[in-house]
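Got some structures for you, see below.
Both of the next two complexes hold chain A, though its partner changes from chain B to chain C.
And then the complex of A and B:
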């Protein structure tokens, strides 16, 4: 689908950050809104890729391919001390 | 004011009154001050100290209170009687008025001595001055601002205060006037007012500019074809222009305040927006801004769906063109090799048989024909290989590159150093073809234009990417002016682009040429 490359890139970036800085302390659930459009509607997802941080609270929503690693980590509350 | 009355030396006042009566000056008469001063001085028999050039001798001897009054920074004038006789004037008042007003009477006062003007510029009538008003009407005057114009033409601003003096029965016996020099204060006020006016003017100007820019920005945002969304630090929409509302098929009231998300991109990224059963490709870029004094992000959204589809169509067409070209080359190569080459070989065999059967001059003629045939066979073989080298299809990239480089050196005399790393395996046909064609085109250009003596070709596979570098030591060229119509170079760009790779050409006059290409490879 359109935006597929950005979704792939966002997933790769997110997985890389989480595996590097939160090994064993994270889980990523990927929802393909093309396959599950009802999820997009129920979660009010306007565009993809969208990342929703459900924990820790408060919930946070990020849009984009997460290529800005520094901002991504800051928003997710991840410190760069490995 | 009773205190003031008591303070004055009655004897001196009487003397003053007498002195006043002796003076010839009066209303409408000009006072000869020099003569007056000379007369007073000679009357005393010695020269007395002066204030502002005015003889102060008449006020001698002075009581302690008088000394205090003379030392005060304010001018003090005392009027007495119905005529409003100036019975006392302190040193500061003389200084402020710039003239000796002693002994003059209110009713006969001439403005020719010292002029008292209202702030608006109108000259006071004598009876309208503060001290006379206090004397005549019992009025208490506080801080009435006026201008004193001295006989020498200089002007000062004063604040005048006045109050009547009364006897024990409460009858007005005179009045006291006090002048406070406010020239500096007024000048400062004037200055401040001028600055204030300028500041206000600047402020208005800036406000107008700001309003204009806000209007322009508002107009710009509302009329721009790109979507503009301002999100706060929680990712909540604070502003959206009509184009953005259109992209999300939203109405302003609902969209403002909804969760958009914090934009996280470096430069720009493509996102997909689902809209009424179709998917839009949106290019998203973001920049930090301040919105209503709070940190926020301005997100610009450009609908690139049409452009992207057009690009895809161009890419597909280019790919088909290149594929068709390769197929055609392969076909022509095979035809040249198999059909033309085969026929020429058969012809050569027939010619050989005929040649062996002949003697003398006929045989010599056939020898010439045989040589020509050998040349033609060799040419056709070369042409066939250049169309599509069988070695590339049969043995892969590295061997094909080695075969090509060897043949190139033998044909051009340009030595080529070929280094291959982890590229002996097989890669997708389109990737192998692209690499081979890029090397072929680059080295052809080197031979045609560079006057190089040697070249270098490096090809290596690493982390899913085939990297290629082709360098020569030739004359180089200005790479910034590569023409779009340069078929060779644009063909190289196309091949790299269609495979999702990159190609760069670095060159400048006298510095040789370096071509770098990287192609993603899904499986080695």
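And then the complex of A and C:
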């Protein structure tokens, strides 16, 4: 299913970025809203995949499979000269 | 008019979910399409949300179908407050698992977009709420707001289609609200998702706004395509039912007392039940008094009466009626009289109709009075008011309600035509007129027409006494109708006149007698003369005849002697 593939890609992209630019300084928690629908409600998750950066503050959300690497890094505040 | 649309190929009648709103169920032929999507279109504030809420609430209260209300525009608290203002106990219903309200928040800048996504979360949220209570009805209020939240319409459209498919597969009746079709079409989901479209409009006519509802589309079902007026009242939406306009109604033979004895006689017993009565007249002619007599008479019988007063306040009317011996307050206290005072200009013509219909439904009166109905001309052109009154009368007749309308005729002219042309649709028409004579103003009443009734065409004098309205005979004087003290005066004068004439006649009779005697005496004298003359003549004639005879004898004797040949001189013997 398309949705599932997007989520896979998002996770892959995210993991890749974090490994490359924040080795050892990151943690990723994956929540499957199909399994935990109450999270979708409480966090107002409408789009999937949604990535919520909980730290550093401010918290921000990104929806989409993060296939646009540049935008993804820019939004997450990750620069490649680290 | 009813528009027939093509039926589904399987020839199955569409299954419908009743809305619980009387007029709307009639217009849609039974309700909204069950298990399908209905689109409510209309500007902000016209009433889409109220209508959707009401259908949801009635669905669970009247038809045992739990409902879910999802709003993309209002918070859950606001929603709950709105529901509550319509009189629905949201916490209670929620606790019972019959109704759930949910606000799905979307605000720009809440997230960033980076890549492809789907609205799986939205779907899950909706399906979970629905499954939680086994909802059979769902409202998606302000759906287009969903599109505002995301830059790409694609995923939203896809999600919407999935939601609709899911809802249909579960046979859940779905209502979607949006401001206009363009909004929906822009996102590429226009007409295709909905099987039924209901349009709500707020239309300005003569500076008064009236709300209208129309079924623009209903796949697989016949429906009325006209616009129908509706009101938003305390209890929600009221739509004027269509059947009220059908003209096929039973007629009654029963007579209702008018409350004025003499008028009952003039109308062979009273007003016919279920008929329409018009009381027209200039200012101060007594129309309200006639109307209130009917109200009082009805209440005395235990019948309920609904009174719309468009000019005077309740206390004014009550006080005025008390002065002629009618106690309306008593009936109001007993709940038999419902008195409404309002200015007609507060509503449009259509809204008045809906209002009255609501009252008829709630109070179920046997009599309705509109005083003065002529005020309606202030809120619409002639033909509209006439049309509205015809519909109103049809509506009342179909319920067997007797209706009395008073009409203020401008100026006190002899022609009592109404300025709103309603006289033709009335069964009974009573005219009141002021009448001036000998420096005094009195009142007259006459029955101009009364369909189906043998009625008196005599003019009566109309008196307001402490014991109510009394009608008395008028007096015809040489100059016309006379009433009041002019009548008394004329009566006396006529009496004197009669006496004079009588004496005159007596006198003349005597004169005649004298003359006759005199002439008779002359005749007698003349006759006597004739007799004498005759007598004389007879004597003369007799004498002459004797003479003649003697002469003849002489002649004969002379001749005889001549014949004997002797000439004798005859000596006188």
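Criterion: the second predicted complex is superposed on the first by the 79 of 82 C-alpha atoms of A that agree within 3 Å, B and C clash if a C-alpha of one lies under 4 Å from a C-alpha of the other, contacts with A are read in each partner's own complex, and residues count from 1 in each chain.
Assume contacts are C-beta pairs under 8 Å (C-beta built on N, C-alpha and C of every residue); 3 or more make two chains touch, one makes a residue touch a chain.
Remember, it's a predicted structure, so these values are computed and weren't measured experimentally.
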Touch check for A:48: first (chain B), second (chain C), both, or neither? both
For A:63, is the partner it touches chain B (first), chain C (second), both, or none of the two (neither)? both
Could you list which residues of chain A make contact with chain B in one structure and with chain C in the other? 2-3, 6, 9, 33, 37, 40, 44, 46-50, 60-68, 71-72, 75
Which bits of chain B are touching chain A when the two form their complex? 234-235, 248, 258-267, 269-274, 279-282, 284, 286, 305, 308
Flag every residue of chain C that touches chain A in the complex, lowest number first. 104-106, 110-122, 124-125, 128, 149-150, 155
Residue ranges of chain A in contact with chain C within the complex: 2-3, 6, 9-10, 13, 33-34, 37, 40-41, 44-50, 60-68, 71-72, 75
Contacting residues of chain A [partner chain B, same complex]: 1-7, 9, 33, 37, 40, 44, 46-51, 60-68, 71-72, 75
